[in-house]
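Please go over the structures that come below.
Heads up, the next two complexes both have chain A, just with different partners, chain B and then chain C.
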Partner chain A sequence: MSAGHEAKISAAGVSVFYGEKQALFDVSIDIPARQVMAFIGPSGCGKSTFLRCINRMNDTIDICRVTGTIAIDGADIYDPKIDPVLLRARVGMVFQKPNPFPKSIYDNIAYGPRIHGVAKAGSQMDEIVETSLRRAGLWNEVKDRLREPGTGLSGGQQQRLCIARAIAVNPDVILMDEPCSALDPIATAKVEELIDELRERYTIVIVTHSMQQAARVSQKAAFFHLGNLIEVDDTERMFTNPRDQRTQDYITGRFG
Partner chain B sequence: MSATSLLAIVLILSLIGYFWGRASAAGLKRGGQGMHSIPAYHGYFIALSCGIPSFLLVLIWLATQNTVIDTLLIAGLPAHITDGVETSRMSLILSEIKSIAGGRIFGTPDPALIAAAERYNALRGTASLAMVVSALAVAIAAMSYARSRVSPEFRARNSVDGILRWILIVCSILAILTTLGIILSLVIESMAFFSRVPVFEFLFGMEWSPQIAMRADQVASSGAFGAVPVFWGTIFISAIAMFVALPVGLFSAIYLVEYADKRVRSFVKPLLEILAGIPTIVYGFFAILTVAPFIRDLGTSMGLSVASNSALAAGGVMGIMLIPFISSFADDAISAVPQSMRDGAYALGATKAETVRQVLLPAALPGIVGGVLLAVSRAIGETMIVVMAAGLMAKLTANPLEGVTTVTVQIVTLLIGDTEFDSPKTLAAFGLGLVLFITTLALNIVALQVVKRYRERYE
Partner chain C sequence: MSDTTHGPDRKERNAWFEADARLKRRHLADKRLRAYGIAAIVFALGMLATLVGTILITAAPAVTQTMVTFEVEVPEGSVDPANPSGGSYQTMLNASIARIFPDVDTPRELRELRQLFSNGGQYQLRDKILADPSLIGKTVSISFPMSDIGDQLHKGVIDRNLPPDFRRVNDTQIAWYDVLVERGQISSPLNWGLLFNADSRFPELAGLRGALVGSFFALLVCFLVSFPVGIAAAVYLEEFAPKNRLTDLIEVNINNLAAVPSIVFGLLGLAVFLNFFGMPRSAPIVGGLVLSLMTLPTIIIATRAALKAVPPSIREAAIGVGASKMQTVGHHVLPLAMPGILTGTIIGLAQALGETAPLLLIGMNAFITAAPDSMFNPSTALPTQIYIWADSPERGFTSRTSAAIIVLLGFLVCMNAIAIYMRKRFERRW
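Up next, the complex of A and B:
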């Protein structure tokens, strides 16, 4: 770990099974606070699976079983006392394909605060909506059309709307699963810029297929291969001087 | 020769044509010719060319033969019989001639009629012979013409395609024409009804007692054809049915899609489908033999008076019938909401119930509404259950324990027994039928539109 950053998330011996099939093998990793950590690796290597362990989204898949421990701020999130519903308010998630609800832009943002009782309707809610949209860099584009459906926005705007929606419940951690893979280059650049700004307030974990993106947005990188975590390092060091042969092969494009 | 055996012969001729065409084309091919179409298509071409025209000829012949013979018969009758006779009397004369011709002679008929009967038999004999001869002639002529076209260049494959296209077009036109015919007859009979009872009185009148309005002088004065109580009965029973079917169907769909695991789902879904396959008359039995007595006993024990054919029993059982209908539509609609919507809600920390209520149901609403509208239209048109379990007396009541009658029940009772087709009583059935038809048609159109728009949204 580089100096000055305590571990926000710390996983120890995490294995994941889909029915009989093991998808993740004994993964241990520390994810530092207020930085961007990129998960890279060939598809099917378990990046999304591990990401979904961090907000217990895997609980929604019947056949999925998780062993090992993951602690956020030192508290085990798989402790039976932890309510996964509340956990997910602290650990937001943004998906591969933008998935705004078929509701108005305003209601998309207000949805989280409403169900968690953070704010009632009215000026308090208006404020949360505005702050979230501003942080997601979307406010100026949508401030005159908050009552229009969120599904009417462009792909890139939709994805930033989803980020704003996640921010609205005031999380510590934001998980992003290939957030730009459905976007064009310009929209991608905007989202990457946004990620860089969000790093000030949030701990961010991003799964990405693109080496360039990992290099642009992340400070730390973790390389997964066939369900194993191969190496974790500063992004720059990993890309210039990987320790493992498989990492080297992947980064130089020999497979993936 | 009967028409059936004639058609059998035409069929055999077609078969022969098929083998003939195939064999001749195969011969050409063996002779080293490059054929446009494979031999079988030449066979099909000959078979179709030979069979279809003579088949149509026979059909048209059978349809027109009687009218033609009747006209000829009447034209041949001596003046002392036909003079000054109106149409209805003439048809009586014709049927007398035909029964004489069939050997059923009563009393001593006019010798002119006996002569006519003989002519009738002769005409029929000639007609049937002419039909056989012309049908076979057409078949054979068409076959040899088609055979003459068999050649290497002949595009039998495309021609067969063209013929098949025409067959398909004709069939769909037939379907449309039948529908139009049904609508037309409904409209015409309704017109006849509305010329006796004003539309306004029918649609807005509060008094319905068609059985006593048998005499013409009673109709207008008594106002017996005010259909509001009948419409009310239909609306009331349908509402009760939806009151049962909507929550049960919707909730079971939600359970099946969102909560049940695969094993439960694979067990419950077929069960619901069985419910959908039960004939409505069985539901009718269930209503009168089980549900109605149960409700009556229950009501009596609570000191209420319950009619033996209460709206509650009929509507409740109809509701049970509609459960699988609603549940399968809701199931489809909820399943069609993309998984990413659920993920989005769960990732924000929504519970399962919140996700269902706030995200899935709103997204699935158009599909569910479409299903509900179709179910309402089924409820309105449902006949058997209400004929068995609802009442006959039109009553404007909001008490579900009393009996009410419905549009469909009234149509059935109006048409049973007295079949004098120009009394207002029987014609009223067509008026009711027209209203029923327009209502369900409108509901179906709206429902399908809603469902369609919804489908477009996620594809």
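Up next, the complex of A and C:
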């Protein structure tokens, strides 16, 4: 299944330090384009830390230091010439807790395109808003109340609004850090369905602590343990036939 | 459990009862503590009620001002229509007073009679003619304040039953006053002059206009300086500054600055703004600058607290879609923190409004009979005006001082009410 896909993101020897403490040890991984890659592992093992390296979100943490290289489409994103602000437009992020801006639904979506100068206000912006909401499967639910606050939506709708907000700046990659952990099962199912559709256009990396979710949405999986990347494989293969004992223990529920 | 046969056995029940005795003691202690608390609150409220009550009672006479009305003839030819301000209005007024009291002719009696009235009458007559020159040649009705003693007599503050040596009006003056009352020329309308007149040596003419305008200008300057500077400082410290020794030191110092006695700021203002920069003495601009020094720490602290209260998830969201740090703060964090910032600002300004000591040091307690036209003219402020009036010997100033305190308290209560309203209105949950 993975054979035909070139690597979209390729990390080599990535280590991350929070002050003195090392949180990630020499991680090397290739993430294929237009697939869903799931990061799994017990909590505190560095999944979020690694995910946040991919859009340089860690830059905002003073004490955080990253070594090694991460390349997207062959370009090193930690190159001093790269502007993290532009990088984050290409690599969108969806967070654990839905965090829409306390503004209208419309403005939530329009904010990114506006600051990046992608579109001026007007029909062009209306179009971006509509497309983004359609792709996030939210259009039919909110098209009559675009001027109402995004914070007034249900949790699941808020999370899909956040996905639409990320889509609006036209990224290549979407990072999701446990996007369903604050949602009820029905909302979770909707978001998972959405992730499956988004795979057509975007490279998606999702952190999840739910084995079932990883199995449902991802084609590839990476298992982290205590800051180390233990194994990467097709999700199906990893879940049926893990190579490492620790992966096996985690999947069968011995720890985590 | 109420059924004894199925309850716990006897021994256990005894244990329960013992515990019950201890419990009773504990409840008793609780009750005592509550009683202490209530007593403390009642005491505090009592003090407050006494304070406000005293001020209100003292201020009550200042609510009205005794006025006297005269019909004044303005003879044709007495005033030059081309230059109406040059007319001798006091003479015309005296003439109409003399018509009512034709027997009063000795200089001494005339003086005593005029002591009953303020000297505001001629100016009012002049202003009326100035406003409408067609009144020349007609009879003009003017109504102007009685003098302090006339006012006090009317309000019963001066007891006419006392022997003449113990009161400030003599029997003839009382008789004249009674004639005027009988003729219906005495009235006591609401004392709008208290708000709209400028300061005066004569309590019946003195008002808070200069102080209100001065306080307004001073607060305006204070706001214009401390609000942007305070926000900029707080945003830098909270959002951009690296966390190191230096910023820690700055933080500690800002917190300490908020606790510096206000008179010290006054000394600083005197030394820096007046002596070094040579800015005008007694001017609201200097007052405002000094007050802004005091308000700054309050605003910085409030702004930092408000910025801290904006959840990190909002910052992450903005940064996640590619907003720069500046955009994140400017578009999201600061607007969300604004209600908290404004609340803190209003509270800081309310403090500044009541501040007296620093203004005394820069001379805003001068005697100034005209409201300032700009923030560069000498002026008083509300608290310093209260200070001046409290120091004045005339009886009329006693009630006016209290009335001025009420005006000041009114403004403070309003400002704090706005702050509370904003806090409630914009309180947000994320």
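One rule holds in what follows: the second predicted complex is superposed on the first by the 255 of 256 C-alpha atoms of A that agree within 3 Å, B and C clash if a C-alpha of one lies under 4 Å from a C-alpha of the other, contacts with A are read in each partner's own complex, and residues count from 1 in each chain.
Keep this in mind: a contact is a pair of C-beta atoms (placed from the backbone, for glycine too) under 8 Å apart; a residue touches a chain by one contact, two chains touch by 3 or more.
Because the structure is a prediction, the values reported are computed rather than measured.
In this overlay on chain A, chain B clashes with chain C. When both complexes are overlaid on chain A, the residue A:112 reaches chain B and chain C alike. In the superposed model, A:55 lies in contact with both chain B and chain C. Once the two complexes are laid over each other on the shared chain, residue contacts for A:186 go to neither chain B nor chain C. Two complexes overlaid on chain A leave one chain C stretch from 7-15, 61-69, 133-141 or 169-177 clashing with chain B, and it is 61-69. The residues of chain A shared by its contacts with chain B and with chain C are 55, 57, 60, 62, 85-89, 92-93, 95, 97, 99-102, 111-112, 115-116, 162, 165-166, 169. Residues 55, 57, 60, 62, 85-89, 92-93, 95, 97, 99-103, 111-112, 115-116, 162, 165-166, 169 of chain A are the ones touching chain B in the complex. The residues of chain B lying in touch with chain A in their complex are 261, 338, 340-351, 354, 358-359, 362-363, 457. Chain C contributes residues 242-243, 311, 313-324, 327, 331-332, 336, 428, 430 to its touches with chain A in the complex.
On chain A, the positions that touch chain C within their shared complex are 55, 57, 60, 62, 85-89, 92-95, 97, 99-102, 111-112, 115-116, 151, 162, 165-166, 168-169.
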